[in-house]
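Each of the two complexes below includes subunit A, the first together with subunit B, the second together with subunit C.
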Partner chain A sequence: MNLSDIPPKGGSPFTLPMAAFLMLLLLAPFLVARFGLYHYLAIEIAIWIIFAMGFNLLFGYTGLHSFGHGAYLGIGAYAFGLFQHNVSTSLWGGLGAALLAAMVAGGFVALFLSHRRGIYFALLSIAFGQIFWFSSIKLHRVTGGEDGLLGIPRPPLQIGNVAVTLADNRIFYWFVAALAALVVIGLWRVVNSPFGRVLQAIRQNEMRARFVGYDVWRWKWLAFTISATFAGLAGALLAMAQNSAYPDVMSLHQSGLVVMMVLVGGGLVNFWGPILGVLLYFLAREVLGSLTETWLLWYGLMFVVMVMVRPEGLAGLIGTAARREAPAPPARIVETTP
Partner chain B sequence: MQSILPHLINGLTLGLLFALIALGFTLIVGVMEVINLAHGSLFALGAYFALTTISGGPLAATEFGQWWLTFPLGTRYVVAAIVGPLLAGLVGAFLEICLRPTYGKASLYGLLLTFGAALVLEESIRLVWGAGEQNLRTPGPITGAVLIGGMIFSTYKVYAAAFAIFAILCVWLFLEKTPYGAIIKAGAHDSEMVRALGYDLGRLRLFVFGFGAALAGLAGVVMAPIWGLRPHIGLDVVIPAFLIIVIGGVGSFWGAVIASLLVGLSVGLTGAFVPAWSMVSMYILLILIVGFRARGLLGRKSALEN
Partner chain C sequence: MTLFQATGLQKRFGSRVVLENITLGIEEGTVHGIMGPNGAGKTTCFHLLTGHHAPDAGSIVFAGQDIAGLPPHRIARLGVARSFQIMNLFDDTVVIENVMLALPAFKAQTGRIFGNGFADRRLIDSALEVLDMVGLAGSAWSKTKSLSYGDRRALEIAVALAAEPRIVFLDEPTSGLGVEATRALAALIRRLRTRFTICLIEHDMRFLFGLADRISVIHWGQVITEGTPAELMANKWVARSSLKEAV
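So, the complex of A and B:
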């Protein structure tokens, strides 16, 4: 069995799931308050949605299984912090620095990775991720070593002459949520564009895509670089949220976590999979975490069972249930325009 | 030259120990084309089981435990070095049964399942043995230091390295000189043909996985006195094993051994001059080698490339 196919669908991004997602972003602060959870959780979820959705462009759509993606999240966070400390306290400048740093790092790594497939790709992505992680620990003078880069300010949001302070988590959430909405809408456009189709073609059969005439290596390089840039954005927001940047997010453990989230949610079969996965992870952390200290054990067990019986994840599960309700559509050959 | 020699020897020792860790890993990759990310956790599990065997564990207060503790440490250590790997092998066999639904699918699923299993095992270890650092005590005759050619070595490391050579040779003999080894190698080469010849492939896989896991556990018992024991040691261990397999070439026995020595040497030598960066050197080695030889030093074509 191959990874299930993501049906190519174009048109307007404003579909029912998109409306549901935007609604959820709007209601999240109230929902979080309603269930007695702290406000910071909503920020964390929105940041991880950006990270996971960007990651899935590479993982689910292009079929390149990177296990070192946390590195670019970390690079974004450090770049943001270093910009605030060494250049100037500016929100847009910091975000730009984070995006640029993650893009350059991702683009450099992708030079080595774009020729690889399958397990060799995964292994090399781990190797590069570990190098960045080690560097962040060892370059004491720049990154603060294992203590992390502390005291990163949250600069005010400056639009024209208007400045909005983001110091309050409640206001900061709206900023992160707006970015998350932009990222998701943007990614929806990307995966449904001709570019996204090529990426999916590479996932389904790299050799065939090459024979059709696509320069596969360049597309893979591009997918990796874009994905790393999204991770950099998420990293910058994480640095703002935590007021600090730690090497911890770059470790293999964290990189594996985002893979787990995307897979559990069903990122392999559905655009919305990563979001479901992120939600499930954080709900599990909060709910199971309040019940038992070893919640990761239960989450890991759930993940193992999921891979065994339902590798298409939560979105696949919902999809199967929906299909069972509705009568099966008559089989037809999907025509794709060249 | 005199100053570099100890580091060279240190590196080679480390390489031999890495080879011991990678042995089970390469066996499982070669036969089943599954990257077993839980290898490190099985390594840790073997060591923890040995720890409990030596101390008597929950039975220490019972009559049996009291009787057991009257044995000298050396005896208990030898028994523990057998019991620990055996139990790790059992856990590995169970893991293989869990892996069965992923056969015939993309290699990603096996990787993911074992990643989840690694998480579960690590958390279980934390639950059972606590999060703190623990020590596996070694009996008197193999602790302390020894003077060889004017240089001081840890006695235990000398024994561990010798044992690693012994284990590598045993596994090699098993694979090359016994009919069982022939079946295992044939299974790695063409599993369908092996099945057609009437061998029970399910049992073969169960055995290989269990055996690989037991080797991981054995490596754990050997390494624990050197590296110490903590729940997350699995992750620290599986990465070098991983790199070694890729450098050596997936499925190649001697490739793995050569790669282990290379990695050990590079870590040992960088450790001498830039100690803080010694662990990074192996990643750089990987990128250098795999950058030029995509399949590693002695690799052959594998289903894992797709």
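So, the complex of A and C:
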């Protein structure tokens, strides 16, 4: 089982898992209410789904291991806030500014990263992430320093002449969920488009891709910039959700968290892996967190065990179980799962 | 017409001079063989010709254009394809995708982020056609990893051919193949020579002498002799190095 499993026949994104995902988005508000959790949790989950899925285009699909993506989440959050404070109170304006800022920052950093891979790529991505994080603390006049950028409004959603207020978390959730659905459907198309297949070819064999005629540098640059832009979108939504932006959003901690979610969920072997990882993290936080203060320790241990026993993550686990149920594959196709 | 002309190529790695002075002309429509002992610098020579390394000195002209020092993807897009001595495939995917990724018609649509190029029947058909040339059409939808060694070698060649190149460089295509597979490969190259110019490195002398129009012998980083198979058979160096018995 691996990410490139969908044979190159293309197809419609409206598969069974997609239906399940959309159903989950629809039911999430009722589910959280049913289990006595607060509404904000559903918003957080939807935002992190956007972040993690965009991140996995780079991490899982292109095989470039960035450990500094929290920076672009933060840049999106600050850009959204600064736009509201300094330009105008506008939802689309703010989102546009966040996307643009994250794209420019990602595109700039990618200039230095795109001829690297492996450990050098990872280290450089951390270094740049730290520079952004440090700047967000030090540029006090712009970012508010460690106090953060406070009082970021949630501008209303303007549809024609009707303005829908997003101040209520229950309504804001639908806005975030709609974006998450668009992002996931879009990404499904992207990874199965010729564009996405080239990214995967580069993961599988960079040298071969080069000799087949692909400008690998440019593709890696694109993958990084696009994934940073998705992070920027998630960051803007986070700023709206929290009504603020803090340096902490940019920290190494957040960058590591998204990596952990993708790995635990199985983003290396399955399109849906990052979503499973996000769900597992937030469920662990809510369930374990209500039992013990040291829940993160237990989650971390689970991560360690998972990586040791099931490196392909939760999605891999489910995939194996599903295959056991399914009829044997044609003899010609030899499974080579390690 | 000379399609590919390398002149005075030099390559050093640190203080180690691997290629001293390589001059090589390949005529359009011919099969050009390269032989020489292990470590002579044959693969390094291919690496220079296809852009993996830039030469320290010398020129490489392909179809009238100087390509020395260009990056591999630029050289590839000009119509130069290659296979590798150590196999280099897209291993996580199915056989046909390896070939599709190399098709010019596919490369033309890689900018389409939401496109559905793989649903394109014509693309699949051209990929199947290329696979059929090397006898792999039946395994088109198998996983690349599940192929036998010989089939992987064949797929290496198919990926090179899929790019519709003008010249194909093959680095020891018979290495590791059995008698039967080697014979099939010779037949394949005979069929291909009508459509492509081919340059191949080979240790198997019987194979090479039966196919090549001209052969260059590389030793100590230089082309020590060059000629038709018949001329080489008469050559002192070749005779002395006991290559003759092999033929």
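Operating definition for what follows: the second predicted complex is superposed on the first by the 321 of 338 C-alpha atoms of A that agree within 3 Å, B and C clash if a C-alpha of one lies under 4 Å from a C-alpha of the other, contacts with A are read in each partner's own complex, and residues count from 1 in each chain.
In this text, a residue touches a chain if its C-beta (ideal position, glycine included) is under 8 Å from a C-beta of that chain, and two chains touch if they have at least 3 such contacts.
Values in this document were obtained by computation on a predicted structure and should not be read as measured data.
Student: Considering only the touch criterion stated at the top, classify A:204 as touching first (subunit B), second (subunit C), both, or neither.
Tutor: second
Student: Quick check on the superposed pair: does A:126 touch subunit B, subunit C, both, or neither? Answer first, second, both or neither.
Tutor: The answer is first: A:126 touches subunit B but not subunit C.
Student: Counting only touches as set out at the top, which of subunit B and subunit C does A:215 meet: first, second, both, neither?
Tutor: The second partner, subunit C, only.
Student: One more residue to check, A:319. First (subunit B), second (subunit C), both or neither?
Tutor: Touch status of A:319: no partner.
Student: Just to be sure I read the superposition right, which of the two partners does A:193 touch: subunit B = first, subunit C = second, or both, or neither?
Tutor: second
Student: Using the superposition on chain A described above, determine whether A:93 touches subunit B (first), subunit C (second), both, or neither.
Tutor: Touch status of A:93: no partner.
Student: Check subunit A for residues that touch subunit B in one structure and subunit C in the other, and list them.
Tutor: 2-3
Student: In their shared complex, at which residues does subunit A touch subunit B?
Tutor: These residues of subunit A touch subunit B: 1-3, 65, 112, 115-120, 122-124, 126-128, 130-131, 134-135, 138, 252-253, 256, 259-260, 263, 294, 296-297, 299-301, 303-304, 307-309, 311.
Student: Okay, in this complex, where on subunit B does subunit A touch?
Tutor: My answer: residues 35, 98, 101-102, 104-109, 111-113, 115-117, 119-120, 123-124, 126-127, 235, 239, 242-243, 246, 250, 276-277, 279-280, 283-284, 286-287, 290-291, 294, 302, 304-306.
Student: Enumerate the contact residues on subunit A facing subunit C in the complex.
Tutor: 2-4, 7-11, 186, 189-190, 192-198, 200-201, 203-205, 207-216, 332-334, 336
Student: What residues of subunit C sit close enough to touch subunit A in their complex?
Tutor: On the subunit C side, the touching residues are 50, 52, 71-73, 76-77, 81-82, 84, 88-94, 96-97, 100-102, 106-107, 109-119, 124, 139, 141-143, 145-146, 159, 163.
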